[in-house]
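In the two complexes below, chain A is the common chain; its partner is chain B in one and chain C in the other.
For the complex of A and B:
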């Protein structure tokens, strides 16, 4: 069996088996050579955290609360430091030099990275983001138990099947089925090859079976594949006001979204030195579009809520031919007042009829 | 519960012009969620909901209407009335423009606790039903009975509901009698014990670790019914209180300021902690301040309209640590 990666480079390693009893050893081996991140639970919150010896993979791991983008486009990132002394030194941020492994990324979040790539790579190349992409080896983990907030299948994701990562893992119960999807993945597997054993044909078939079973477990929040909505013609629709009137204007939906990527740039200055940093910003905040003159084109919640959905479902599509949503369900699960993107899609689909 | 008797009352109040609109609960996207519903037309009553998951405190929307002349009806639980008391005392709303319709409530269910009980066992919950003493969760593999006290929000165990003269109408007066705290003489500040026993260094480490998760989404601030400054100190431009970044030390400043700003106003509704996507134990901060205010000034927020906040009056017997 030969697996192909997205660049159609031939990968010569057939599917492998990683026994769960060797799993901790696998993590330890990776840690010796790479920086390693795994989903772990602390104080009841599962996040991707840097692995230190003995850390356990979060039990009943569904998905991390904060999307994976934080590792590529951190919530706060110093771009450079400066000094206001005589020579006005600029100290550029050091780029990652060591490779890192990110374990346990779910298929929806992997898709989100390809959408972020469009933003950070297609016109201006964002060196901070691309450096982290370049230095990361992503081990995807197929889902086995989708939650009721999931709707990734509407965006072409196979929840059980990992596509677009470097290595794919499928949970077979006592073992993981390991499939190598890229040269980076191949190098990682070669580095700790003794931990794996060869997968038999039946393991491979069982993996495929589990992958298709997961799809059957998906709730059907959206009837079918999400299609780009020509929302611009609904710009003045009264529906926006209805949607927005209970919105609290907090940043949960945008900060937990794996595809949101708006940021602000700001300086922090002390007496003679300072730093420039960028940080996430949210179109749901009232000061997001506040101009120096004091004018704010999105003065009410209606305009802000409309912007969020328009950007995801319409503007992003116009620019990149993709919808900026992967159906991870975080925004609908965590919204304190139950504003639900699947409902928005439904409302305007019906209006279009 | 009482969904069916709620609807005609709201319909009548809209029809006879007592209110311009009603803040109520509507069907949510999930079995564990309801959606705040603003009812302007009787036709919207078809989405009305009243169940164990009506935990949101709708009075937070009254903040937005402080300068409007609309007459607003609100569906409230006993605990929500306390927030209304503070909003009136803080001159945020006009009592005359309000109609409070109270529904009997003997506890709301915390979906997080249900998740821990049911989801962990990998059963898929699709809905729930109220039974005599408990709740039955409907799963793909059958029904699971849960004792409802196991899954209530912790504030519900300490409910000290008492009928309030502010309420315009009770949905079910007979049931008010039964609407008593779930536990006799509860320890109101039980959650604080562990933290209070820590030495300052340990406590500082504890909070720094908790605050380090904060993503500064401001949901805790925005959902709070008594966080009503027209421009929040953290939204002011050209100040250096905190930047837009998420440095841990700035997170500390944000959370301590938020908690101190609502001290003497916080009624313990728990909405800040409920909405936090990073599960910060914000009620531990709020409860500590409620306790301090209670012990130092014998004052509790939300109890009545007459008592004056200790921050707004001066007394010769006031606690004075500089004496």
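For the complex of A and C:
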């Protein structure tokens, strides 16, 4: 993926300063050339939304409620249209041609994209997802304060420091420290270079200090770095049944997870035309694996709860050498019955002793 | 292909022609498909994602191997929405296909070995792709034994091959059995695993392939083990709920294996290493 891997050896721009008084002008300048998305608040909910002139950046947001994957792998997406006549006239959905800028992405969500890349880039490449990745410039914003539900540091994330985006912003109070991380980031900065000033060494050092401070404020949900758990040996553990007894099977954990990528494919038709679309699906639903024959390998909630945790913590690691969790905390924050992935990791870590 | 997209769209089916429809049983038909340009290339054991536009898509195993002839056959039981819509189609109609997907039977590894096929109902379909391959490269393989069963006579698929063509092949034995016989049936009666036991086959230098309803597979695997077949010489093909066919949509996994990528062909040894959730 160009965003993740483009080497920054050839980036010559030193760290810059963006004064907050120029911030709105910065957004306007971007909007003139790119499609722009920023975290904005409506009715108390902060989401990354398309920017229109005058929209304000949501103040003091910790993270957006919906994960960033929505912009790359939308909840519902048309794959192609067809007519029901002779040759069907398959018409591929128009791909993005214009570049877009996504501002204010948090370090945990940036990491989640690198995990989704592993799935969508492997084997047969997913053209819909990769087109959106190619056309996106991501401006990451380091966290200055964690939420009570955060545990990203257990997954190697430095919450104050942006890695893997195209541009890193660090909030210095009155200014942002701007660091360019990729060639795409460089092209964006070059496009509106007059809005920035050169960072003094003290700004840079202050930025580095702020970047490393957030970690100290993290709640201690997991003692240390999460290690890949060999959960296969706990396949028959009674813990799964215990979890299943509280789980409602609502699927909110999977819908809000930035690394969940399961989807359904289906057709809609009208009189003489139709479309094939995909939409998010969830391993927490009983019909997810229900076959036409009536056979269902994950018929009980126990098996579905087990599947979700084992996929994230074990199966994904076996395939891609990464755990499919970034510690964003959305699943445990929004679970109506307080099922907590950090407790699950803790239980099996203890059993393993 | 849109100019601004660098990647080939893996979800876009190719529209192909139904060249022939054969009614196998009251609820199973075999569709022979031809490309409008070029020819199908696949390995025995692979599957296709089949589209009836406006109804949906379903994974279907390829039931033939035609080599240079360039067509494929899909033997389809009328079960759900897509397969029912397929059953309404006729010669000359067009459908969409993606694929072939999945691994395949390990041809190199079974060369010069004796081969045992144990099929039940529609389960003979994926095995037939390998049977075709073997008969078109007959000298590369040892003796072939085919044991196939269905509930009643009218439920038997590929009758012409079973009764007329395959028994004529060199070093080949075909045993057909019915769960329920009738006055006209002079062949064997009894469920497949029971007949398998009666055949008293020796596992020496033999690889066994089985596919059929889950209950038949279960007892067939047990019987093969009893006969002394080692786990790595017992091979089956699995079915799971599947959508994308290319390892993304996340539903056909058994543990860390995806049936669409790592399967559908597995050895019993591999199956025993998987979580028992299929």
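Quick note on the criterion: the second predicted complex is superposed on the first by the 344 of 353 C-alpha atoms of A that agree within 3 Å, B and C clash if a C-alpha of one lies under 4 Å from a C-alpha of the other, contacts with A are read in each partner's own complex, and residues count from 1 in each chain.
Here is the rule we use: a contact is a pair of C-beta atoms (placed from the backbone, for glycine too) under 8 Å apart; a residue touches a chain by one contact, two chains touch by 3 or more.
Worth saying up front: this structure is predicted, and the values here are computed from it rather than measured.
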item	value
Partners on chain A (chain B, chain C) - clash or fit	fit
Which superposed partner A:60 touches (first chain B, second chain C, both, neither)	first
Chain touching more of chain A, residue-wise (chain B, chain C)	C
Contacts of A:315 with chain B and chain C, given as first, second, both or neither	second
Touching partner for A:249 - first (chain B), second (chain C), both, neither	first
Chain B versus chain C as contact partner of A:266, first or second or both or neither	both
First, second, both or neither for A:149, with chain B first and chain C second	first
Which superposed partner A:123 touches (first chain B, second chain C, both, neither)	second
Partner chain(s) touched by A:274 [first = chain B, second = chain C, both, neither]	second
Three-chain overlay, vertex chain A: chain B-chain C angle, C-alpha, nearest 10 degrees	90
Where chain B and chain C come nearest after superposition, their Cα distance in Å	8
Residues of chain A that lie at the interface with chain B and also at the interface with chain C	264, 266, 281, 290
Complex contacts: residues of chain A adjacent to chain B	43-45, 47, 60, 65-66, 75-76, 145, 148-149, 217, 245-246, 248-252, 255-256, 264, 266, 268, 277, 279, 281-282, 285-287, 290, 332-334, 336-338, 340, 342-343
Chain A-touching residues of chain B, taken from the complex the two chains share	28-31, 33-38, 56, 60-61, 112, 119-120, 122, 124-126, 209-210, 213, 215-219, 221-223, 235, 237, 243-247, 271, 274-275, 277-279
Of chain A, residues touching chain C in the complex	79-80, 82, 84, 86-88, 90, 92, 94-97, 119-120, 122-128, 130-131, 134, 232, 235, 261-267, 269, 274, 276, 278, 281, 283, 288-293, 295, 297-298, 303, 307, 310-311, 314-316, 318-319
In the complex, chain C residues that touch chain A	1-2, 4-13, 15, 51, 53-57, 79-80, 83, 94, 96, 214, 239-241, 243-244, 246-251, 253-256, 261, 275, 277-278
